[in-house]
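Comments concern the structure below.
Chain lettering (A, B, C and D) follows the sequence in which the chains are written, and residue indices restart at 1 in each chain.
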Amino acid sequence: MKLEALREQVLEANLEVVRRGLVLYTFGNASGIARDEGLVAIKPSGVPYEKMRPADLVITDLEGRIVEGSLRPSSDLATHLALYRAFPGIGGVVHTHSEFATSWAQARREIPCFGTTHADYFHGPVPVTEPMPPHEIESDYELNTGHAIIRRFGALDPLRIPAVLVAGHAPFCWGKTPLDAAHNAVILEEVAKLAFRTVTLSAGTQELERVLHDKHFLRKHGPAAYYGQG
Amino acid sequence: MKLEALREQVLEANLEVVRRGLVLYTFGNASGIARDEGLVAIKPSGVPYEKMRPADLVITDLEGRIVEGSLRPSSDLATHLALYRAFPGIGGVVHTHSEFATSWAQARREIPCFGTTHADYFHGPVPVTEPMPPHEIESDYELNTGHAIIRRFGALDPLRIPAVLVAGHAPFCWGKTPLDAAHNAVILEEVAKLAFRTVTLSAGTQELERVLHDKHFLRKHGPAAYYGQG
Amino acid sequence: MKLEALREQVLEANLEVVRRGLVLYTFGNASGIARDEGLVAIKPSGVPYEKMRPADLVITDLEGRIVEGSLRPSSDLATHLALYRAFPGIGGVVHTHSEFATSWAQARREIPCFGTTHADYFHGPVPVTEPMPPHEIESDYELNTGHAIIRRFGALDPLRIPAVLVAGHAPFCWGKTPLDAAHNAVILEEVAKLAFRTVTLSAGTQELERVLHDKHFLRKHGPAAYYGQG
Amino acid sequence: MKLEALREQVLEANLEVVRRGLVLYTFGNASGIARDEGLVAIKPSGVPYEKMRPADLVITDLEGRIVEGSLRPSSDLATHLALYRAFPGIGGVVHTHSEFATSWAQARREIPCFGTTHADYFHGPVPVTEPMPPHEIESDYELNTGHAIIRRFGALDPLRIPAVLVAGHAPFCWGKTPLDAAHNAVILEEVAKLAFRTVTLSAGTQELERVLHDKHFLRKHGPAAYYGQG
């Protein structure tokens, strides 16, 4: 039963990033975790979104052993699992090649916070990973991609900065639930687009003042939030 | 009755900026004022547009006291009210994070008038506010955002320049009615896009000649206008 | 009867530029001429496209006297008429504020021919007018806009370069028929977009070799053309 | 029968590039080959896509002699045939003027591999042809365009780099089947867009590390592939 709800939410997260234009063909993948059971539901690899049903999702444990499902899981499964193991507060992970976020990842630049749209969702710049050494690419590549993200985060709080750019690759996003992760992927793309145009208009744009960054982040998150119908 | 018409027009203004692609998720808000009654109708905070009904709008007086409505008003209410109090000729206010206008706001650059599309609607550059001092951000932030706009306008006529860029944030637009404010928000985004591409093509593009700016603004506005079916 | 066909083709030309995304709100206007009768059909000023019917078009003679129609004609009528008087081979005129072409016009740069897409339609760069002197703006502005275009063309063949950028304003396009003019307006926007991105990639991109420019233009136009079903 | 299937797949390839927004009006063309019969099916020249039926496709032999069909074939037929003769492993060819790929072609810059999206499909930069000498443009232009592509490829494997930019013109793509060629045309446009934005963000972005490029290409292609349900 709980697994049924997880399947449906993970499917919905996969479809949300398609609807928002973040996905071309079968690019991208979303997953979710049932923490109590230690089970993860993830998109199968290379299946067209329009044909995907909840039963097509692949269920694995946190070590990647397939528990349910006849299809091969997304080839990025090991990255998702590494994130779930390292970040206990997250409930969903979304990976896309969305246009503007991927362009920042390819340019290997973190996305500075230039405005309140960014500050509303990310409590700091969106970081970019260090390049991976050749041996980490040659074997266990997807697992090591997860490790590169975790190393980059260090002491950062993944729930306050729910996205990362993998250098030369594309973004990974996460959230408290699969839908929350998909929402953050959509917002990240918007923020990446605004920042792209901001640096085009003025290469030396300064980052948002810290006090304004805090004001916006905290009016939407945490105990003093006053945005929405909370 | 008059309040009913106001509700419908404010809802329509909110929906117009969605239809025109200026809004992502629940970003943005539109309001309108019934000057005789001193009552303002504004979008509730964080409610999806597709479910919004006239009855969901929140009615407040000019001091922000809720007169009708069970939902929490937009968190930017205090900015809207400050504009209504300072600019007696306006009947509607619209705030969006539209892509190009927000990029100019983030770059903290006013939008120069480079062409007649701009001149048809704005009788001068679209100004950008000064950064707000920390104490204005830490308390009464939304009210002080309104004050920053009003300070920036000084002797400018808000009906001849019906938009502003809040530095590091996004645009606020207004007009004689809520729909007029929404219309100006759409035009501002178009003008911001054209200006973005113009400076990309030629960083040193000169502003439109004053005589041509006047010609275009005045053939659409004021007693000598000859555009439309008058 | 012939006038009926003209009305329908002019309406269709107006709608084509809307369908292709070249028009915001009521911006832009298309007209056509019945050369034998010396009559021009043009879009009325400020009427929404979705409500426009053939009977709403305004019929004038070549001096701008209204022959049929109860609505005010487009405020750019005098520009259209000047072009019909000066360029006897043309049968339709279209004016838009399409995004990329307008950005080149605002930057006051001609569009160089960088590729065969341009060469297929325009047998040379798309020219930009000289700035108009103040007295030409202050009175008979729309007529003088036409004169600025005609001066700029000088010995150029308007049927081989069926478009111009009015400096600080936007493009005017034309063709053998109203639909041909609309088609050229769509192509101009595409060519302006490609050229914008080309100069962004490489500021010093050279123009297409003359021999290749000729090859592409002449395989689509004139007696030796071999494109299409001829 | 086999020819019937080829017609349908070629029509579908033509429609796929339209659906994906790579085509304006009647620009672009797709073809496919039945290797056993030595017959090629190609789009007719200048026919609107919405009216195209399998029977409208033109069937020729590898020398361009029309075997079936009453319409004139695409004017680029000779380029397609040259590619089929030189690259025996390919089964389909697609030519478009898609926006970003064409901008790179106009700037006469190869598309470097900046990220894994590119590496997933192209095992090296997307090359650009040398300018053609005047005599190759003046006669047998389309055939010589094919020769310019083949010269540029030299020892490159066309199935590992299934696309080229013709300098000053636009891309040609190919694949094992017509649909595969269309798919590669869509991916090329995406990769060209990402690369355009990457160089805008950072002119000196380095190419993807070779080891990462290999990893991504080889996890999708060849005997060790583990992407999809293969």
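General observations
In this section, a contact is a pair of C-beta atoms (placed from the backbone, for glycine too) under 8 Å apart; a residue touches a chain by one contact, two chains touch by 3 or more.
Everything quoted here is computed from the prediction, not taken from an experiment.
Least step count on the touch graph, subunit A to subunit C: 2.
Interface note: subunit A and subunit B, two copies of one sequence, contact each other through mostly non-matching residue numbers (shared numbers fall below half of all numbers used).
Averaged Cα coordinates give subunit C a centre that lies 33 Å from the centre of subunit D.
Among the residues of subunit B, those touching two or more other chains are numbered 200. Across the complex, subunit D is touched by residues 114-117, 183, 186-187, 190, 193-195, 197-198, 200-202, 205-206, 208-209, 211-212, 215, 219, 226-230 of subunit C.
In the complex of the two chains, the subunit C residues touching subunit B come out as 24-27, 44-47, 71-72, 75, 97, 99-100, 102-109, 131-132, 134, 137-138, 141, 168-170, 196, 199-200.
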